[in-house]
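What follows is a pair of complexes built around subunit A, which joins subunit B in one and subunit C in the other.
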Partner chain A sequence: MLATVAVVVIAVVLIATAVAVVVSDNLVHSVFWLAAMLITTALLYVMLEAPFLAAIQVMLYTGGVITMMLFGVMLTQRDPGSRVPSASEAPGWAAPVALGLGATLLVAIWTTPELAALTPTPSGDAQKIGHMFLDRYLIAFEALSVLLLAGMIGAIVLARKGDA
Partner chain B sequence: MDVRFYLSLAAVLFVTGVYGILTRRNAIGIMLSVELMANALNLNLVAFGRYGAGALGQVFAMFSIALTVTEVVVGLGIVVLLYRSRHDVMVNLASEMKR
Partner chain C sequence: MTWLWFFAKIGVALGIIFSLGPVCIMGDRKISAWIQGRVGPNRVGPWGTFQPIADILKLMMKEVIVPDGVDKVLFLGGPLIVFIAPVFGYCVIPFGNQIGEEKLQVVNLDIGLLFIMSVLSVGVYGITLGGWASNNKFSLMGSLRASAQLISYELTFGLTMLLVVMMSASADPLKSASVDLSKIVLHQAEYGWNIFGGATWWGLPSGLIGFVLLFTCAMAENNRLPFDMAECEAELVGGYHTEYSGMGFAMYMFSEYCSMILSASLIVTLFLGGWSFPYLTDPADHSFLAGVISIGVFFTKICIILFLYIQLRWTLPRFRYDQVMSLGWKTFLPLALVNIGYMAVIGVFLEKP
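This part shows the complex of A and B:
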């Protein structure tokens, strides 16, 4: 019962912060709302019995991605605190498209009988996840390291000053 | 708590991200919206891990997080490059991909 209340409260906060990310007129505020949303998602991961993933989320996303995003905002705005036009010049069809997509997804979710039949199973702990990474999914894991290296080199080459 | 509750929550987050992509004109604002959508995807993976898939859901979510981080790095590199050549990162002013 208490867990249900907690999940509902987290869900409301999650949606509120997500909307704030999208409609905020100040990009710096938007980035910090994104940080709040990612931490709230980490709380939801804890409620879904995935505490290891919650820790990864906080370290990698709120630690790494938010810092990079802030650097991005500071490097590309002449006045980082200034107002950016968002909803004021939005195309009129944006809201209907989004609402239509959302309605379609919700109908699909609530009319699929297979989903209702799913029951909670024990989520794996960090030990099980580690074994999966280094056993069955070893090739994918190594390919991911190569991808990260390629992304890093690509970003350096792109953003380097000089003959870029 | 039902898996459909978590899927609906993720759907709402995803739609919020779609709305952000359609309304934002600033490249960084669009990237923030993409992050919202990626987060909705991860939530789906973790929810399915809790309801049936076990640790596999979390493994996939971690792959997805690493892919998103790579996307942010390369995307920000492109945005910085765009700013250097145009002194602005409004995507509607940069619809042609040349100087």
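This part shows the complex of A and C:
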């Protein structure tokens, strides 16, 4: 019962912050709401008994969003007149697309047969996740790290265009 | 009874942060005076020991000025957010051995180290927000510098924590690592402190380098003096808290000391054996007296690290900004990586003696 209430509260906060990200006119405010949203998502993971995932979520996403915030600071003017186009300026067909997507998701959720209650397994265990990365999912793990490395090198090359 | 224990543990953890904080401020001023051959504060109370109380009272009486054109919510929220890191981070620090069934740690998380990393990453927000919301270019530059510095040094910080995890795995019979801080401390109590390389003497260089790296990075993370790029009177007025007055400023300043205490506790926990000390504490002794002694040992170790911090602050000249960045990226990061590589080889090929 308590868990259900907690999940509902988290869900409401999650949706509210997610909407705030899109709606707010100020880029830095948006980034701040995004950080709040990501932390709330981490709370959801805690409720699902995956503390490892929650910690990683906060560490990587919320920690990484700061960089975005810095971009936001650098790319937008701080004087009161300047605004970043937000929801109000979005093209007219955005609303039907969003509604259609929402409807599809709702239909998918309603038509999915109810899942059998999962027995709480200690799968959020950091050790087991580590073993899985280096054992069963090694190729996927390595492929991902190569992809990230490529992205990183690409970013450096782009940033040093002048004298590379 | 469990609830009573819970509150008692929260009390001790908060007590360590919030009572050591003013002591640190006092110590900072007294030790700086001592190093510079001055008298230091000596008017309020015996030997000037009530000075921090007077300081805090003064700051509380002051008006909180919210300048025109600031982003009000973020301006007032910034000082609150900087407090999150030290207070939440202290949840998982084991400050003593077990008493009976109760581990002396507010919550015993399996993911202790990761929790601390994630909480620290939230701490940057307070600085960035405060600087940006002030609507002042000096504040903004100060906060940008501070956050760039924090992000840069967080990498080495994380890699050094990884080193500790690897060290605690190398001597384990099952070679299984743990990020649980209480287990890391127990491991050190049994096999030797991580600064001396944990279980094997081959780890000694790795441990020493790791300790120096973590110590320096923690200093940089706290924006303490050799690294206090964020506040630079010649270039940036007061840095990110230029516009703050009264309690807003007090919270920024106090949180600096609180996070100093958190990093001192972290250094002690990760490298200096936490609450353990040879011949003084016994991991298997769960009596009340042994628990109190272990808290005392932990507290003494924190105080020594804090003294080192303050002493270094007043002995070393400060770096230039580009020197800070090149030290972080070109020296510390490769060094930490090589260190981890060395420890990995040691951990795989050498069994415990």
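Here are a few things to note about the model shown:
One rule holds in what follows: the second predicted complex is superposed on the first by the 135 of 164 C-alpha atoms of A that agree within 3 Å, B and C clash if a C-alpha of one lies under 4 Å from a C-alpha of the other, contacts with A are read in each partner's own complex, and residues count from 1 in each chain.
Going forward, a residue touches a chain if its C-beta (ideal position, glycine included) is under 8 Å from a C-beta of that chain, and two chains touch if they have at least 3 such contacts.
Worth saying up front: this structure is predicted, and the values here are computed from it rather than measured.
In the superposition on chain A, contact of A:97 is made with subunit B only, not with subunit C. Number of subunit A residues touched is higher for B, counting subunit B against subunit C. Contact with subunit B, but none with subunit C, is seen for A:158 once the two complexes are overlaid on the shared chain. Applying the stated contact rule after C-alpha superposition, one finds that A:147 touches subunit B and leaves subunit C untouched.
Once chain A of one complex is fitted onto chain A of the other, the partner contacts of A:43 are absent, as it touches neither subunit B nor subunit C. Subunit A residues 52, 56-57, 69, 73, 78, 125 lie at the interface with subunit B in one structure and with subunit C in the other. Interface of subunit C with subunit A (complex): residues 69, 74, 109-111, 114-115, 117-119, 121-122, 124-125, 128-129, 132, 135, 140, 144, 147-148, 151, 154, 176-179. Residues 3-4, 7, 11, 14-15, 18-19, 21-22, 27, 30-31, 34, 37-38, 41, 44-45, 48-50, 52-53, 56-57, 60-61, 64-65, 68-69, 71-73, 75-78, 84-87, 89-91, 93-95, 97-99, 101-102, 105-106, 109-110, 115-116, 118-125, 128-129, 132-133, 137, 140, 144, 147-148, 150-152, 154-156, 158-159, 164 of subunit A are the ones touching subunit B in the complex. Remark: subunit A residues 28-29, 32, 35, 39, 42, 51-52, 55-59, 62-63, 66-67, 69-70, 73, 78, 80, 125-127, 130 touch subunit C in the complex. If you check the complex, the residues on subunit B that touch subunit A are 1-9, 11-20, 22-29, 31-33, 35-36, 39, 42-43, 46-47, 49-59, 61-63, 65-74, 76-84, 87, 89.
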